[in-house]
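Quick one: this structure, given as structure tokens, is what I'll be asking you about.
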Amino acid sequence: MRELNVALIGYNFMGKAHSYALDNTDFFFKNGVKPVKKVIVGRTEHLVKQAADNFGWQEYATDWREVVNRGDIDVVDIATPTISHMEIAIAAAQAGKHVFCEKPLAMNAEEAKRMLDAARQAKVVHMLGHNYRRVPAIALAKKLIEDGRLGEIYHFRGVYLQDWLLDPNFPTSWKLDRKIAGSGPHGDLNAHIIDLARYLVGEIDQVVGMDKTFIAQRPKVQVNEQLSGNLTAQGDQSQLQEVTVEDAAAFLAKFAGGALGTFEATRLAGGRKNHERIEINGSKGTLAFNFEAMNELEFWSKEDPVEIQGFRKILVTEDVHPYIGAWWPPGHIIGYENTFVNQFADFFNAINKGTGLTPDFHDGWMNNKVLDAVTRSIASSKWERVDGE
Amino acid sequence: MRELNVALIGYNFMGKAHSYALDNTDFFFKNGVKPVKKVIVGRTEHLVKQAADNFGWQEYATDWREVVNRGDIDVVDIATPTISHMEIAIAAAQAGKHVFCEKPLAMNAEEAKRMLDAARQAKVVHMLGHNYRRVPAIALAKKLIEDGRLGEIYHFRGVYLQDWLLDPNFPTSWKLDRKIAGSGPHGDLNAHIIDLARYLVGEIDQVVGMDKTFIAQRPKVQVNEQLSGNLTAQGDQSQLQEVTVEDAAAFLAKFAGGALGTFEATRLAGGRKNHERIEINGSKGTLAFNFEAMNELEFWSKEDPVEIQGFRKILVTEDVHPYIGAWWPPGHIIGYENTFVNQFADFFNAINKGTGLTPDFHDGWMNNKVLDAVTRSIASSKWERVDGE
Amino acid sequence: MRELNVALIGYNFMGKAHSYALDNTDFFFKNGVKPVKKVIVGRTEHLVKQAADNFGWQEYATDWREVVNRGDIDVVDIATPTISHMEIAIAAAQAGKHVFCEKPLAMNAEEAKRMLDAARQAKVVHMLGHNYRRVPAIALAKKLIEDGRLGEIYHFRGVYLQDWLLDPNFPTSWKLDRKIAGSGPHGDLNAHIIDLARYLVGEIDQVVGMDKTFIAQRPKVQVNEQLSGNLTAQGDQSQLQEVTVEDAAAFLAKFAGGALGTFEATRLAGGRKNHERIEINGSKGTLAFNFEAMNELEFWSKEDPVEIQGFRKILVTEDVHPYIGAWWPPGHIIGYENTFVNQFADFFNAINKGTGLTPDFHDGWMNNKVLDAVTRSIASSKWERVDGE
Amino acid sequence: MRELNVALIGYNFMGKAHSYALDNTDFFFKNGVKPVKKVIVGRTEHLVKQAADNFGWQEYATDWREVVNRGDIDVVDIATPTISHMEIAIAAAQAGKHVFCEKPLAMNAEEAKRMLDAARQAKVVHMLGHNYRRVPAIALAKKLIEDGRLGEIYHFRGVYLQDWLLDPNFPTSWKLDRKIAGSGPHGDLNAHIIDLARYLVGEIDQVVGMDKTFIAQRPKVQVNEQLSGNLTAQGDQSQLQEVTVEDAAAFLAKFAGGALGTFEATRLAGGRKNHERIEINGSKGTLAFNFEAMNELEFWSKEDPVEIQGFRKILVTEDVHPYIGAWWPPGHIIGYENTFVNQFADFFNAINKGTGLTPDFHDGWMNNKVLDAVTRSIASSKWERVDGE
């Protein structure tokens, strides 16, 4: 069993999810490679120490530059706010480390391109954290499309709806600060549905968008004394701060291949918790998926006899379905956290075998291009081209 | 266009539904026959007069015996409480009238047999009001089974859940009086699922059951001053009466063909309004149906590739589906009331063509046999045979 | 009972639906007024004669101008292709007839305004055929919003998906001819969701859109020898014609009240038959509705205790729900056709009482303004203002 | 951090699930206690060795008697076929070990009572593996019932449907051998719904049941050369063996508290993979749950205004819901395997604190009593009493 030493930069929600997945990858997938949770890195010592304890890391550190240059580190896993992705990723690549980076890859396409160049130049394996490609239902959707079951694709329809900002007393945090996060749900959530659209349908050519901040001021967040794996926080109601990111962003898209697309992300859709729903209509069939019921895939086929045509609800838990061989018998669903297990299994397997995999920094760059074009469109009030490579 | 004069006995909820359907049958189905709403009959003159006005009958009358012997009446439609079905049906048949009767056919199998004998002897067309067989989704289920898509049937699972007695202040009515109704949800609701079971699976051989009256006393109902098409009523809270029918009845069944069945009916299932749900599992497929979404049929087929197996939700609104040719384009659903239109279209078409149709009084007799066997089983605390013809 | 004589112009799918509803309005709603199906009008004599027979009209005629000026006609009901709406409606209004007109009201806002002016000048009752406002679930949604259960509205999300053009051999028809229909799903389907958006959220201020014709040529339709109430037709595969309307149209919208909206209509969404789905998110709650399950309304309330928050599926069949008092007991759903019964009950009641009602030609005008602005936006590739009254 | 050494007896599907959960318990739950995977035990050396490698156990062994008496073992975890539960559990308890045992507890109530007595006498912590009590949605259901939100309970309705025996070529295995498994889906699946019924509603007083083996012979299973975590197996089609357990078992029940219950388990319900569905109707509300969508709980409340009554789909992923504080933000579902994490967290926490917990061997005993009474009823063809303690 080959062991690979990992340095994880970041320790909040994604820190917890990554730590879990690194622990369980070799339990489910027997690929001859095992990640070792060597060192977790964060700026606030008492919190990163707590994270190291809670999540079972051998060491903790506060200086990521030092860590990414350590000789005993094989893999750098970046789970920090977007603003620091580029700097860490380039340093890690230049130090010859394989790099995993959470999404969105960068603050903009230019940054993303520099990261891609650095990773390519260093010839390291690079992966982008769009774990939703590792949902078995999405992997099955990809297969059904590749098998021709949808025919020519006419429509992509994606929404990513959450409601954690519905309470106006929910405080600001780095996710609501444009300087650190880059954007609100646009980079956080639209990035996810753009990735699925690119994965399942293809490149996007033109976009036109809109966004809005409905709740312009929120209580100042109180400094965390404790780790939080969830999206909750305490605010100081007496101090209001400006929210500098949008609450919602939507756009229309024309795909290079001819399909039309609609995209929408919001944090103000009451009752929608993690409602990433996509639907794809083609000349021969339709697929629909909702992350809140992530073990299911809906499929309609024009090739069925008309009498029995209807949307099938496929419970994606059969041995013949992607990834499921590693998991449980039919009808025993997997959880959100296991999309990370699938993802890291693929990542470490690719490192071990010396191959590449997707989504990688190229995907991140293309994704940032779409995000950027929407942002330009919002400023110009007209359609904007994404501009290919 | 041949016209057939109808006498309707009864004028409440079923009186309204039948009147509607008689009005609309020849609009949707062009069979060369048209029912004429000649005379509506009821015991309480001011109410039956109001019904005649509201529902558009040419005449009203209070003496059904006189009416069923009128020379200008072709069809007698019985929508009275169960206690009077036999007497009216036999008189009508003996007068040479075609007879339609609401379900359950009779208070017990013995009565039902006498009705069947009278109808057969008179050679009139007789039909039983199990309108759910005329739901397009159920007719499609029948076709799929006959086409062999389910293979050998292993399981029938039926529940009919309502909640209109959940409020203990809901008053007594004839439906809660064993002398008039014969039973509670057993004859009212189990009769429906027994009919679907017999239609789709086959005859039942043995049963064992249980029932219970949870709310033993209710306010005395106040005499209606007005017609009511709904199941609402006013009660006098100061006068409590015994409820003499069960609130719920359930039974296990062994079908003659080898399948196992479970049946349950209750009026105390909160939130379930008209939740008649059946599921049939066979060696090659499964069908599921719920009356609350009566335009849909769920179908799972073992013959699909495993990768895309799943429950299809068939929206039964296509031209190729039973009855739909007479209705609307795909996706435009029909309502509860239109199951009666389909039913009467079939009935008057059969009269016009001089053929029979099902469900008829024979079905009613067999149905009453199952109901009776369950009742015996509840008394004996053991399995009872249904006893065939 | 006051009788009002109706002239129906048009006899296909809508002709059938209107005829049905006119027949049944006074059965369910006791408003002291009854429509009389006096004369049905169409250009093709053998077809309009057949329609008169099938749908039960006293007379038929081929010259609408003559009919709308007859002294015995009280109401003109326009169910023709869009191109002729204006001419008929203005003539009818000028003749002092109350006017009902199918949607979209006109080929463009300018036409619509002339119709509105004519109707106002003539002081006749005018109504626009957005029957979906008469779905009890939609009427309930309106009430819940007016009661404040949604709070400030942030998002409107509407799609209207059909698939009847998925087969490239489906022939052209007037619905695919821009000169007659004005547009494709934009005027046919987006008009419906625009109406619901205006009804439930308010006026739209700015839009940006896109559209596309995916299948540019189709077989020439064969002349109908028979009436067809459905959307089926035969084509001549040897003769291809250009399709001059779009297959799909989508747009983003900013509401005057601050909400963001997304709209999409297509006839190429496989498996979606009449999938008009809307969702509205507000500061206190969310509502969702899908026409394919039109008796249900989904509602999520922030005011519930967090522990039991969740989307309620309200089966809109209770006495306390709009329109249901006229229909059936709980759990007994109504059909598509009955939205027309509700609609005409309101229309004839308004005529009888001498009041107005909505949606009227003003709504049609405002709706056409939104449709026009989207069309301009598609041409200009940028956001366009709807321009208020 | 207190460490507790575990010996796991058994290594197939449950061996994998338990190993996973033991690994992750202290990651999610910070109770100051950590299970250590000391030794895994099985009869077939090459398979148990493979299991030790795959599942990460420090040691393996083939003689459970020796292991349960080792001084360094604190906890014995029994995941073997039912036939050996009693012997191992009693030996473990007598050796002073805390005991966890998979369900059903024993071959019959008599055995179960001996296990209970042994555990009580030894004063060890004992737990039964009904992990479904640790599904957050079920724990929430329990809370809602205890809070009085259902009122008096009238109905329990439970089915546990699977389809892994639908293929007649699926081979026999220990699960189809009465001598080893005790029974088929009765002990395997009905035991689960009986446990939920007892947990949520209370003790069962009387039962009457039926069962059936539809496919009497199956190919002989081939000896496993490899571990299998799933329910798949290869058979030798040339050698048929008798199936000695039922394929399906159903029963009616009367609860001591007055409610009526229906129970059904089958392995021949096509398309149902792990469809454990329960519904509970009370005087004030209804709850429904389906394991295939185990992160959701449906709830209907009579206490809502009638206008907005409806079944809520509660996505049980909020901080305020049971167990969720240890997991992820709202809308991020957990998987099947994590019910075992919740379960073992509770078990080791109870050991650490020196308290008891449920379900324990007493629950197993009561459960076996119900199973036994149904079996007697099938033999006697009449109702049988469960007989209390």
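Annotations
The chains carry the letters A, B, C and D, assigned in the order they are written, with residues numbered from 1 in each.
Quick note on the criterion: a contact is a pair of C-beta atoms (placed from the backbone, for glycine too) under 8 Å apart; a residue touches a chain by one contact, two chains touch by 3 or more.
None of the values given here were measured: they were computed from a predicted structure.
With centres defined by CA atoms alone, the chain at the far end from subunit D is C. For the interfaces A-B and A-D, the C-beta contact count is higher for A-D. Each chain gets one centre point, the mean of its Cα atoms, and the points for subunit A and subunit B are 54 Å apart.
A separation of 35 Å divides the Cα centre of subunit A from that of subunit D.
Contact of a single residue of subunit C with at least two other chains is seen at positions 272, 309-311, 315.
Of all the residues in subunit C, the ones that touch subunit B in their complex are 13, 17, 19-20, 23-24, 27, 30, 54-56, 162, 164, 229-232, 272-275, 291-294, 315, 317, 319, 328-338.
Chain contact summary for the complex, subunit D toward subunit C: residues 140, 143-144, 149, 297, 299, 301, 304, 306-315, 318, 320-321. On subunit C, the positions that touch subunit A within their shared complex are 154-155, 157, 159, 161, 163, 166, 168, 208-210, 212, 214, 247-248, 250-252, 254, 258, 260, 262, 264, 266, 268-272, 279, 281-286, 300, 302, 309-311, 381-383.
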